[in-house]
Structures are given as C-alpha cells and as structure tokens.
Amino acid sequence: MSGKVTTMRDAVAELVRDGDTVAIEGFTHLICFAAGHEIIRQRKRDLVLARLTPDLIYDQMVAAGVARKLIFSWLGNPGVGGLYAIRRRIEAAELGDEPPLEVEEYSHFGMVGRYTAGAANLPFYPLRSYFETDLPKANPLIRPVRSPYGDEIVYAVPPLKPDVAVVHAQRADAGGDAQVWGLLGCQKEAAFAADRVIVVVEELVDEAVVRADPNRTIIPGLIVDAVVVEPFGAHPSYVQGYYDRDNRFYRDWDPISRDPAALQAWLEEWVYGLAGREEYVARLGPERLAAIRPSGSAPSGPVDYGAYR
Amino acid sequence: MSGKVTTMRDAVAELVRDGDTVAIEGFTHLICFAAGHEIIRQRKRDLVLARLTPDLIYDQMVAAGVARKLIFSWLGNPGVGGLYAIRRRIEAAELGDEPPLEVEEYSHFGMVGRYTAGAANLPFYPLRSYFETDLPKANPLIRPVRSPYGDEIVYAVPPLKPDVAVVHAQRADAGGDAQVWGLLGCQKEAAFAADRVIVVVEELVDEAVVRADPNRTIIPGLIVDAVVVEPFGAHPSYVQGYYDRDNRFYRDWDPISRDPAALQAWLEEWVYGLAGREEYVARLGPERLAAIRPSGSAPSGPVDYGAYR
Amino acid sequence: MIAAAARELAGQHVCFVGVGLPNIAVNLAQRTVAPDLELVYEAGVFGARPARLPLSIGDPTIVTGSTAVVSMHELFAFYLQGGLIDVGFLGAAQIDRYGNINTTVIGEYARPRTRLPGSGGACEIAINARQIFVIMRQSKRSFVEAIDFRTSPGNLGGAERAERIRREQGWLGRGPSVVVTDLGIYHFDETGEMRLDALHPGATLEQVRASVGWVPRVAAELVTTPAPTAEELRLIRDELDPEGAYTA
Amino acid sequence: MIAAAARELAGQHVCFVGVGLPNIAVNLAQRTVAPDLELVYEAGVFGARPARLPLSIGDPTIVTGSTAVVSMHELFAFYLQGGLIDVGFLGAAQIDRYGNINTTVIGEYARPRTRLPGSGGACEIAINARQIFVIMRQSKRSFVEAIDFRTSPGNLGGAERAERIRREQGWLGRGPSVVVTDLGIYHFDETGEMRLDALHPGATLEQVRASVGWVPRVAAELVTTPAPTAEELRLIRDELDPEGAYTA
C-alpha cells in the first residue's frame, strides 16, 4: 500500500476547499482540534461544518470566520455551558441586522443516521424519533416515511456526504488503515460517507501491527487520502490510553467564549501565532501534559487469531 | 451479574419451544452445531429455521424432521455442492405428493437487513438490491419503498425477530457478556433481534477478562438467557484461534446428504446415539482434533485503555 | 435533589445517562440504592463503572472497565430503539404540566432569544426509553404553561391522546414518570399531568406555587423527602463532586 | 479458464470474491497479474492475504493477517452498496445473452426441477459492484435463450434499457463486463450482448456454437487466449489447489 503520510498543513491545503462540507467527528473522544486549527490558520471560508456536538472546536472555527453553516444535534460545552461564539451568530439580540449562521438541526441518532445513509449510498435513513415534536417543523428535511408493511409511519433523515471527513485515531499504518479503541462515535460512518478522508494519528505503525488485529480497524486505507502524524492532536479532547480529557481547558473556555475580544486573543495566541500542533504542544508545557497523563495502564490482553497455512 | 451458566440440554429444553423461529447464525465461522444437534435430540418440531446459509447444520435438522420452514439467502455446501436433505423437501420430482418445506428467500444483505430491522425495532430495512430480478415475485415480503426525498425507489425487507438466537463465541463471562474475534457475520444483529438468546462458548472467562477489552464484546449479558460452555461446539465449522474448519467433514457430507439412509444412519451415530457434545468430541478422536488445530499462533498484541481515576 | 433523584432509581436495571445533573444522580444511585444498575452512555458504553465522576458523558473513565463499547449507531439502534433502556434520564430548560420538554430555543426558532443545546439524544430517548426521569431546577421560567419548542415529547396534551399515539405508533416508551427538582418530587397522575408528591426538607408549598407557571396539582398525602443521609452527602462531596462542579 | 479469468483482473483494485471458481481465479490474480488486488470477502474481510486457498469463502485463513474484519452489515452497506467494489466476481447456473444470471431454480419457482443455492450476495453485487466478471462452464443448459429465474440482473433486455434503468435508479454498477468459460472469453458489445472475443487454446468455434442456446456473436478479430504459463500452472497445482478441489 502506497504511503499517504503528509503534514497537516499539506493535507488541509490540498483536501479542504472553500465551501466544502467538513466533518471533524469524534464524540468527546478523538476530536481533532489540530485539523480545525489548521483550517483556521489557512483561512478557509464558507465551510459547512457538520458534527453531532460542535464542541469547542467549531466554536473556535465559527469565531474565526471559516463557516457559513452548521449541521448538528447538540450545541454546548458538555458539563460546563454554552458555545458563545456560535450563539452570537444565532441569537436575535446579538445579531442585530447581521445575517445569522445557517443551522440545520437533528437529534444525535438523526445525525448518525445521516452519515450511515451517506456511507451506505441510501436515499434516506429511517428511525423512531421526532414524533410529536417541533423538530420536523424547524427542519423540513426531517420527513415521515410510511412502512411498506402496514400503516406504520417512521421518520427519515437524508444522507449526509461530507466533502471531507477528519478522523483522529490512536494509530494507523502509512496506507491509512486506522485502528481505534474506546469510544467509536460515528467516525466510521462519516468517513465512509465522505468524498475525502484525512486520518490523524497519535502513532504511525507498521502495517503488520494493523494486520495482527484486523477486528480493530475502523477504516481501511482504501478510503483514506492523507495520514497525518500529530501527537496530542486531539487536545483538549482525549485519546483513550494516550491522554485524558483536559477538563480544565473546557472549563476555562467558558469565559473566553463569552468575550469576543478574549476569544480573538486566544485565537491569535494559540492558532494564528503558532506554526502547528508541535508548537501548540510545546506551549502547553510539560506540566499540563503531565496532568492529562492516564493515572495508570489498563491493558486489553491479547487474543490469538491463529495461523492457518 | 448473576450466573446464567447451564448445560446445552437444559438451555435447549427451557428456551427452544416447538413452533419457534430459531436462528443459529454464524457465517461459516462459529456455527453452533452442538445446539442444532441438541434440538434434534430433543425432537423439537415445527421450527422455522432462519440462517443466511443453512449449511450442514440445517440440512441435518431438516433431515431429522424438526423444521416446517426455512428462511435463508444461500442454500449450499460451500465449495462442495448441495444440501440434499433440504433439496429433497423442495424439488418436484423428489416430493411427489408430499407438501414441500416452506421457504422464504432473500439475498444475504436482505437477511442481514431483516435482523438489523428486528434488532432496531424498525418496521422495515431499505437496501439497494432486488431491482429487475424475480426475487420480489418469489417472495412478496420484498417490497418497494419510495424515498421521501425525490422519486427514488429502493427495496425493503421486513424485520425478523427470532424467538431464539444461538450465538457461538470464543468466550463469555457467567453473565453472558460475549466476545468474538474473526468473522462477525450477523450474530449481533440476530441476538439483539431475538426474544431469547443462548450463548455457547469455547471458554468461560472471568468478568474481568471481558472488562479489560470492552471493544471486543459483541453482545452484552443483558440480552442473554443462557450460557453454555461447549468446547468444539462449532465443529465442523470453526472458531478463529481455537480450531480450523473441518473441510474434510464438509466434503464427506456430500454423499451422506445425497443418501437418505446414510443420513439417518449418520444422525443415529453422531446425534441420537450420543448424550451430547462431550461424547461427540471423544468420538471424533485425538487425530481428528489434531488435524484441525491451527498451524501456529497469531497473537493480536494488547492495547492500553488507560486507567482514569 | 441529587439524592432524591438517585433514590427514585431503586429497582431499576438499565439507565441511559444524560449530561449534567443526571450524570451525578445516576452515579450516586449505582453507589447506593441500585448497585446493579447498568449505566448506558449515549457515547457508546454499556455497563460503565466510572472510577471518578466524568464531567462530560464521553469521558475515558466510562470506557475503561466497562462491559461493552459500541458505535453510536449500535447504541441508539439496538440498545435504545430496540427497547433495552428502562430509564432515560433527561434535563430540561422548559417543561410543561404534561412533561413535554424544551431544550432547543427560548423565543422563536428562526431568531431565538436564547439558543439552547437542542435535542442531542433526548428526542429519541423520550420516545424509546421505557420511562423518563427528569431532573431540573424549577422556576416560573422553566415550569411554564406553554413551552417555546417541543424537543422531546412527554404526555403531549394529556394521557388519553399520549397513550393512543404511543399505541398507534408502536412507541416502546411510556413517557415521563418522575420529575425531581430543587424543591420536590413530582409523578404523573392518570390524566398525564404532573403532581407534587414530596417536598424536600425546608421547601414549602408556597415556594412551589411561586415557581410553577400553572396551578400545580398537589398530592392529598404530600410527604417530605427524607433528608440526604450522611453517606449520600459523603459520596457527593468527597467522591463524586469534590470540586463542586455539579453541586456548587 | 482460471488463468484467463485471473488475467482479466490486471489493473483492477478492489475485488469482491465469490465462492467456487471465482475464489481460485482471484487468488491466482493476486499472486500474478494483480499483486495489489484487495480481496473483499462477503463474510466481512477487506484486504485478505490468504496463506492457503480457502475451500469456503469464510475460512479462518482469510481473517488472519487481513487489513480489516467487519460485520456483514458493514461489508454490504459501506463497502459494496457504498460503491467501493471495482469488480464483483460471480458464478452462474444459467446466463442469457445479456448477462442476466440465474442461480435460484431450474424449472418453476414453486416446484422446481432443481433447487440451486439462490442469490447469496449475488443480487446486490450485480447491482452495486462497478463491474461484474462471470466465470462458469458453458453448455446448452447453462448458456440459454431464456433463464428460468432472474437472480442477478445483467444488461436486462439490452444495453439501452439497462443503461436507462441504472441511471434512473442511481445504480453504481455498470453491469457485466466479462464472461470467462471453459471455452473462451466474452465481453459485452454496445447493444449489451455477449460477444466471443477469445477462444482458449484447443477450443473451436463449433464447440462454442454447440454449447450456446442462441446464435452467439463472435468478434471480427477473434484471438486465441494465451496458454497458461508454467508459473500459473505451478501456482494452481502446487499452491492453490493441490487436492484438485476446484480443478479436478
């Protein structure tokens, strides 16, 4: 398998285009902040940002002006509060005469279903949700569909096929075969649905490591366009077994997000002012990194696939 | 989690009832012949047998008279030939005035979709198959459904919710949390779709072994009614890392299956005449078991989940 | 409030854990009245045994040592929609007397006064979990006559219609069963309306009436919630929330 | 026949492997003309590197050392239906001039003379793989004017209708492109009909005509298939099928 290893700068320059629909997925786990920051640095514009939970990364990207639209299912800073850069682009009093950020809103399962339909090339995905709620009124793309077996009605969501999906993983080989353990979110579905895929990893491994445990592979290199090796690329999100969620960062974000000037200053210091993730990690410093080290190891133990010759 | 460990005899006696729809799944891998033989021994009747590939086990069960109907997608002895006990209950010349075995036929993805809809409590599962074929005519349960987004038509299959699913796994704990590596087939979907679930394992392990690698769990004890420890319970099918597929058995089955008398003699010798799998394994003998031992080990290597206190 | 919510989980088996207050209540229940409670996190975890209280609902501590980690598709399709969840635990920004919940917007959807988080999994949890527990602070702004947006259906316009629709549409959920607030505990009566059944120690009926946007029904035999035990308080203060993130 | 089928895979990238003759042809191709060929088995394997030739398509040797092992749902939904398969390799009991395939029954469906295996994955492979290779022995019983049951669609009643339906229904597959038999190699012309383009060494046009149930089209420049090389024969006889299960 040919090597696809490149830098974040080159991957984003080549694969993310103005106007693209971009999905940097990962449900609390494996959110690739490094890719989001590089998109900000390269001043991409008019992106449609898709994620179940926009999280801090899309708050930062919206504040930096890369987005024209948000597709999501839960907009908040989990356990802390709001995402105020995004809310300022939605709430009436803040907007004044400014046009709002476009929003297209689903539930979690609706978003997962959208990626699933996109990955499976289906025209719609049926689910038991939305009955007797205002969501189908708020988003007319949520539509009823009648079962061909009796009169039952369920709701459907349309396929979502991002132009680019970014998947952060513990490890991949040079061909892009990526392996993940811990929370899987819907990265697999988003990647198979996407036209282009960037895999970002903590560690590049030999193909033999992947092939030794093929059940752990979440996406094959077949659908991957670029592999970027970026240790701590998911901070302040986390990577199971590698580093912890930096909850302090999530808490600290609240006052920054509330204050547009503070937020722009933060972007200057932590994004525009740095060449890339390596400088970001250096700036975090050894103490901060030590604080998010797991408290111990918890090995899975091996299993035996057996040789069959 | 309370212990659910029991014998195959008790599990089948208690959980499989005459007239039930039974799914002993496993795509070439992990086919639980031990459960099928116990169902034959207990002379269950009028079962509806569901499996993508009826394989030798349903040929044996049909020959033994336990079934009134077959739901399937590919009827054969892979790489060898036919399943003649079943064909004798379908083909015109063999049947004469006998009523045929009922058949309800799909494609592989249709069967997988049926279990998936059953597991997800959906009234139908949409897929891109069956267009311009005679399958919807042969099986009117395969029906077109129109997308609510434009005029596109896809086909749908209805949910399949077996009364009982039997899942063979490498290992489980006493609560029924089961782990599998190698081919996964659609056992997970069949188990979640089923009303009752019997898990059959090569090894009973401590709950800590399961919890050390939660990404390998294919079904949780939550949906499991009985755990049976039955080494070599999948022979002549195989268990990745434990034993090889006994291809000699599959080849030897061809003449037996073609000859009703030979088949009944085989059932006498290998099923009715034995108390259970332990005697079956003893009868196979050490040479046969040695012949299906993997040629070496192929360890997965461990991963680290990390401790987070 | 947290202790009261945790105690309502006695006898329950499989609980879907929401972000925020439900998270601490459920973790407290697992350590007290419901040691066999299986915690399900929408992030894709069944049988979590968190060694610490997670701030978010996707923390690495809910993964390590759990029974099963699965894709979100599988979690929502097979566990939730498949009918395996006994209790879905939700928070709310607005609730009406029938337990219908708004977590989407205050004001008009297109130009909201306040943009709230939205559904997350709440909409499908409300429909597919066997019963719904709600935990929230109450006030005239949150306990309202008419919610601004229906994110998650409760008993709709009353029990009769709600039951008919659940039956006709094959919902597995029976809707909301408990609402625990900072003042008391509500259950739902046969008309599908919330009824105050217990007041927390120190709370008064006047406080309740002053913080509900309709005239609330009150049980004939209104009881007082037993005060949190020393053990409950110790678990909350020392183990689950030493930094006061939830309880400050 | 096997060598000829394997050679047709030169330049292909991702191949869905069927049971039987396709299995050996594809494994031969990976060892000769298409070393980068990614083998996909419907059992749920991507990037298989079988150390031996599996008898079935679900053998443990296709798992150990593969790139990815996934559920059948994922294999069919994301890999096949999602459009990642370049070549689907099918066998057939009956085929017509337009490449429509029967693997279900000979005779009437309800009371068949011969009950065949049925679709397996063939029906969805025929619709969703980018192109279809067929490998089968030819005779008046298998190459028929009208198949008894259409299990897998080919060019339907001709290219015009087939292309319109593929376009209207958004099929990803362009249908059958090659049929390799024991006598020769066929491709499909612009009308969607099979055309004999090569005769295997020793086979004659008379043999072909005597084993086709219609008047077969023959290429103006009919060529002779190059004989299997010594290396191909060695691989088949010594490595892939030493017991002659496929080739006896």
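Here the chain labels run A, B, C and D in written order, and each chain numbers its own residues starting at 1.
Throughout what follows, a residue touches a chain if its C-beta (ideal position, glycine included) is under 8 Å from a C-beta of that chain, and two chains touch if they have at least 3 such contacts.
Since the model is a prediction, treat every value here as computed from it, not as a measurement.
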item: Common touching chains of chain D and chain A; value: B
item: Reaching chain D from chain C through chains that touch each other, fewest steps; value: 2
item: Most widely separated chain from chain D, with each centre as the mean of CA atoms; value: C
item: Euclidean distance of C-alpha centroids - chain B vs chain D, Å; value: 28
item: Centre-of-Cα separation between chain B and chain A, whole angstrom; value: 37
item: Chain B and chain C, separation of their C-alpha mean positions in angstrom; value: 40
item: Set of chain C residues in contact with two or more other chains; value: 45, 59-60, 63-65, 69-70, 77, 81, 128, 170
item: Per-residue overlap in chain A, given as positions that touch at least 2 other chains; value: 116, 121-123, 127-128, 152, 181-182, 184, 188-189, 212, 215, 240, 244, 294, 298, 305-309
item: Each pair of chains that touches, named by its two labels; value: A-B, A-C, A-D, B-C, B-D
item: Contact footprint of chain A on chain D as seen in their complex; value: 14, 36, 38, 45-47, 49, 51-52, 59-61, 63-70, 74, 77-78, 81-84, 128, 170, 172
item: Residues of chain C defined as touching chain A within the complex; value: 19-20, 23, 42-45, 54-60, 63-65, 69-73, 76-77, 80-81, 104, 107-109, 111-124, 127-128, 149-153, 156, 165, 169-171, 245
item: Residues on chain A engaged by chain D in the complex (per definition of touch); value: 1, 116, 119-123, 177, 188-189, 192, 210-212, 214-215, 217, 219-223, 305-309
item: Of all residues in chain A, those that touch chain B in their complex; value: 121-124, 126-128, 141, 143-145, 147-150, 152, 154, 156, 158, 170, 181-182, 184, 209, 212-213, 215-216, 240-242, 244, 294-309
item: Chain C contact footprint on chain A (complex, rising order); value: 27-29, 52-53, 72-76, 78-80, 82, 86-87, 90-93, 95, 100, 105-109, 112-113, 116, 127-135, 137-138, 152-153, 181-186, 188-189, 238, 240, 244-245, 247, 250-251, 294, 298
